[in-house]
Amino acid sequence: MANSIVSLRDVGKIYDSGTAALAGLDLDIREGEFVSLLGPSGCGKSTALRIVAGLSEPTSGAVEWPAGRAAKTAVGDIGFVFQEPTLMPWATVAGNVELPLSLAHADAEAAGRAVSSILDHVGLADFAASYPRELSGGMKMRVSIARALVTEPSLLLMDEPFAALDEISRFKLNNELLSLWQTLRRTVVFVTHSVFESVFLSQRIVVMTSRPGRIFAEVPIDAPYPRDECFRTSAAYAGYCRKVADVLAAAMGAQP
Amino acid sequence: MANSIVSLRDVGKIYDSGTAALAGLDLDIREGEFVSLLGPSGCGKSTALRIVAGLSEPTSGAVEWPAGRAAKTAVGDIGFVFQEPTLMPWATVAGNVELPLSLAHADAEAAGRAVSSILDHVGLADFAASYPRELSGGMKMRVSIARALVTEPSLLLMDEPFAALDEISRFKLNNELLSLWQTLRRTVVFVTHSVFESVFLSQRIVVMTSRPGRIFAEVPIDAPYPRDECFRTSAAYAGYCRKVADVLAAAMGAQP
Amino acid sequence: MKESGLVRTVLPVLLLAGAIAAWDMAVRVFAIPPYVLPGPGLVAGALIGDRGLLFDSLVVTLTLAIEGFALAAIGGIFWAVVFNQWRVVEYSFYPYAVVLQVTPVVAIAPLLLIYLPQHLAVLACAWIVAFFPVLANTTLGLRSVDRNLVALFALYKASRWQVLVRLMLPAALPQILAGLRIAGGLSLIGAVVAEIAAGSAGAGSGLAYRIAESGYRLNIPRMFAALLLLSLAGVAIFAVLSALSHLVLRRWHESEVKEER
Amino acid sequence: MKESGLVRTVLPVLLLAGAIAAWDMAVRVFAIPPYVLPGPGLVAGALIGDRGLLFDSLVVTLTLAIEGFALAAIGGIFWAVVFNQWRVVEYSFYPYAVVLQVTPVVAIAPLLLIYLPQHLAVLACAWIVAFFPVLANTTLGLRSVDRNLVALFALYKASRWQVLVRLMLPAALPQILAGLRIAGGLSLIGAVVAEIAAGSAGAGSGLAYRIAESGYRLNIPRMFAALLLLSLAGVAIFAVLSALSHLVLRRWHESEVKEER
Amino acid sequence: SSPAAPAKKEGPELRKVRFGTNWVAQAEHGGFYQAVADGTYKKYGLDVEIVPGGPNVNNRILLPVGKIDFFMSANSLQSFDAVEQKVPTIAVAASFQKDPQVLITHPGMANTLDDLKNLTLFISKEGMASYYQWLKADYGFTERSVKPYTFNPQPFLADEKSAMQGYVTSEPYAIEQQAKFKPKIFLLADYGFNSYSTLIETRTDLVAKEPDMVQKFVDASAIGWYNYLYHDNKAANDLIKQHNPEMTDALLANSVARMKEYGIVDSGDTLKFGIGAMTDARMHAFYDKMVRTGVVKAGLDYKKAFTLQFVNKGVGLNLRPK
């Protein structure tokens, strides 16, 4: 089995307001895997993702990075899609997407090419010069996704990236994400509310209990890749979905 | 057939930035109906909803209100769930939900009761005293939904209200929304990206083309109410879903 | 957290002590005569020796400053609101607000003395100086309100008054408070300038007069003592306003919310 | 839109004309003597008659104001950034910034004149007056940056400099520009006060000297003419800064984006 | 601020009078405070309130608009300005026969007035507008070496190669006390700046309508001056100290001594005509000088600047010690 690139051990997080977001969360992220986090609203998925990224620190427990790698900076380059678009309002769409490249002092011309290619993929080529406030909700989210993908990061953390998208765009981006993952074999941690989406995409689904969040069950999805429309209509797919939905329902019932 | 409470006639909307969001949109909202808007990201659903609410004015075409009623104020009380939570950061959850009541000078005690009841329904009873920034994405959206519902408005406009929620909360709120609608027979215009959700909820689904948005097709969902879990697992439901998905796919292919 | 609290108080105190020591050293080493720069000891002596006189003056100046500040706060917020509500009024009158700001108090004080009783003239001078920052910042704050929230209030048929009190003003609070923080110090300056330009001199007058008269009489230690009191008053006003700001914004606005990781 | 543009210019002009007419009327009807309140005609006469003198003085004052403004803008932003980057520095030095703000220029001008060459002393006085609003507003702006964007920059291992230049400063722009708008007028006041306290007198001196001299000589029309020039300069500075603000923010910040319905 | 004098008796109503000075309470205003403190004004049927001035205060404008009834103007130039600007005010008496304006240098830095041209000069804005113009015209001073005097001698003390303005009665003493050296003094009056000083100005309409009242004020003030200079002035000094807590007995004593030494108040014409004396010849001579220096316009009806109606009557001469 692949090495872990980060492990949460018995992690708890209590915010200053007193809310216990996580309690006793154990989670291993393995190199190159595609794992989904599933759980009720407010159960601590975003919090867990921020801890994995090193953006937040647990109030108890430990975050372990593989030996020989310093914490946080260990992971190499991270792509993060926040639950809210989180765009710079003063920059154009292209400027927002180019940000990670220009922060890394990438070659301007290459960066320009990368930006327009990824904007094409998310269907925003016409809006490169627009400002965030001139976009619809779904378009903003797509800019955020494009920004996370443009560096082809080795760890990609996505917090409900496709929730604001119509199903067709969503399927399309699902497919693109999968093919990207397969070709580059990067690690993806994916938060979603859609059972279907999580089953279609992941190798492994981690189902969390309601607040304070911890792991209720893990469901491996052993279907082979590449997964395509055939998989989506297969009986196996339906079976997985039913199973995950059941686990999720149980998870929500498990704790008050 | 019931009377229209607002009709958009050949409505076009071109933003100052030059983006044509709507072109030739014809839409009737009939009293007491539950209608869903479905369409690709960026096709003008939110824009259309704002025009229906009188928050935005079309650049061409006309918005007609029934004779004898003055524009905008005509509709009586409106509940609106914006695509983004749109909460007052300086007010607590309870304060945010109470807003429409206190703006209408409702009796404080009754308002308090209404607020705690609706917070119970959206599962936020424990967070009445929290501030929006202490909530997760889905929780914020639920506050926004609670605020729209607390007045039991005669016209309820909802812009992807459940997109940020897990499926179980989503189903629960779907059911609550439907039973509210059935008992009070208010008018609901519902924007969603979920074909399943739209079929489950609506009497009529309006599918829009991609930008500039206009109506591609209307799909009536003639299944009887009350609709429950049985309906969700029925063949009719699956059939409607397939049909709507096909129409949506066609709509997106229809225009470049 | 404990540490940062420590750093927060100990370091500034150390720095202050160091600065005072350096000052003392410089005065001794270069043998600077007290009428050019009195050492800290002399200033402290004056502060203690003349405490009756100086504190009476401090009270006079502080009272005036607080009155001027209150007027500036009320006036600045009021006019910003009026300008925000009626754009026509804004286009017509904002230039005059600018004119008020750039008119040197020293120049118009004699004119004010003609038309107003002295106390009002002094107050007007103190007010003029502190008014504009509140106006400008409140204007920015009122303009920066989330458009969707404005739409929401419109939907709920909120009255103009409700929109103002329940939406615009709370949303503008961070900027208003920053404006007040600027105005706090300015109102003190305003009080000083007003006193110099239009106040009665002699007994019962404030720190400005003490500073001027002590300077004239070459009682430089006392002048420094008066300046010191003025500075302390300014820092105190600022601290109070900052605390207020923290209290009001701490639960919801980025600028005062503690960063949580 | 066309109409609002019309209202925007015509109304203020009408109002101004009305105000001038009322002023003229009042002076005539109540037979107010020119040494109390000169009529607009007299002031205009002084403006034209003494134009050489007055415009030379205007240039002197404006130059000083612009220098002071530039220093205040640079200094205010610089120190706000330093304070924001190193909290320890902030706790230690912010109080001194407040002290600077509340120290009356008239009181410290003699000291500055001792230690600095005259031009620098004058500049320092002008700078002190305008510095604090820029500092305070920039501080607020830098503190109000979206925490998620900060996190994003951290993820991308942005250097401190990149965070500052690409995130903090752009995000703080609206507040910085509001601070500059306040500082614009204050720098003019600062120039006037500096000139009174430390500037050279006589030929080649600025509007402050003209105003004071005209006051002492009871040449009130000329005093008003000088005040008028000062006001116009203030309004011009404000207009330029507002236009700049509009230009910079018009595409993305609520405060300058036209409301679209 | 009513003095220790006996409280209001039956008598006729006292006429309320406001008198604006040009500085905070000091010995240079002694005569007026004396007349308040010892009840001289009251005896003359006046209830006088003294409104102190100060640095940067321009009380002058309050006179024509009626906020005060009398104003203490610094020198005759201001009276000429009033005529030029058609301000209906007029000088009715001159408390100081000599302008106490001096230029002060560090010891040994200057021997003649000409030597001052090589020094940095700290001059107030008012000074620039008045006597400095005369220095320019008559002695060839330039404005290049001038820095502003904000009534704080520190910059002067810090720079040996500088001179500053002052009143002979005031600044030299402060410098002597604090800086421990005796500065060199140039009294401008000795170099031909023959202005009256500390004049009493009033409105022309008061002169026309209430000449009695004006006369009483002038007379009582003169008596006050005699008493202040030559007799027991403790009550006046107490009142001054009460108005100006910075004032000390030593300072007051010094100022009185200097006023006597230089004959500021009581010298020349006053020996014959009494304190407050003015003559047309002196006014004319000063006017001519100011026209020559360009400070005042030629062709001005300078006689409108003053009236001799109330002075030169020898009031109080009997109080002068023989």
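Going by the order they are written in, the chains are A, B, C, D and E; count residues from 1 in each one.
Criterion: contacts are C-beta pairs under 8 Å (C-beta built on N, C-alpha and C of every residue); 3 or more make two chains touch, one makes a residue touch a chain.
The chain list, named the UniProt way, goes like this: A, B = ABC transporter ATP-binding protein; C, D = ABC transporter permease.
In this text, all values refer to a predicted model and were calculated from it rather than measured experimentally.
J.: Give the chains in contact with both chain A and chain D, ordered by label.
T.: B, C
J.: With contacts counted as defined, which of the two, D-E or A-C, has more C-beta pairs across the interface?
T.: Between the two chain pairs, D-E has more contacting C-beta pairs.
J.: Using CA atom averages as chain centres, what separation in Å is found between chain B and chain C?
T.: 49
J.: Taking each chain's centre as the mean of its CA atoms, how far is chain A from chain E in angstrom?
T.: Each chain reduced to its C-alpha mean, chain A and chain E end up 86 Å apart.
J.: Taking each chain's centre as the mean of its CA atoms, how far is chain C from chain E in angstrom?
T.: 38
J.: Considering chain C alone, which of its residues make contact with at least two other chains?
T.: Answer for chain C, listing residues that touch two or more other chains: 36, 106, 110-111, 114, 146, 196, 212, 215, 253.
J.: Would you give the residues of chain E that are in contact with at least 2 other chains, written as numbers and ranges?
T.: 56, 58, 61, 65, 150, 152, 154, 158
J.: Find every residue in chain B that makes contact with two or more other chains and list them.
T.: In chain B, residues 15, 55, 84, 131 touch at least two other chains, as defined above.
J.: Which of the chains are touching one another, listed as pairs?
T.: Contacting pairs: A-B, A-C, A-D, B-C, B-D, C-D, C-E, D-E.
J.: Tell me, which parts of chain B touch chain D in their complex?
T.: So the residues of chain B touching chain D come out as 15-16, 55-57.
J.: In the complex formed with chain E, which residues of chain D make contact?
T.: 33-36, 106, 109-111, 113-114, 118, 196-204, 209, 212-213, 215-220
J.: Which bits of chain E are touching chain D when the two form their complex?
T.: It comes out as residues 56, 58, 60-61, 64-65, 78, 81-82, 85-88, 123, 125-126, 128-130, 132, 143, 146-148, 150, 152, 154-155, 158-159.
J.: Residues of chain A touching chain D in their complex?
T.: These residues of chain A touch chain D: 50, 53, 55, 73, 77-78, 80, 82, 84, 86, 88-91, 99-100, 103-104, 131-133.
J.: In their complex, what parts of chain A are in touch with chain B?
T.: Touch list, chain A to chain B: 15, 17, 19, 38-42, 45-46, 83-84, 123, 130-131, 134-139, 142, 159-160, 163-170, 193-195, 245, 248-249, 252.
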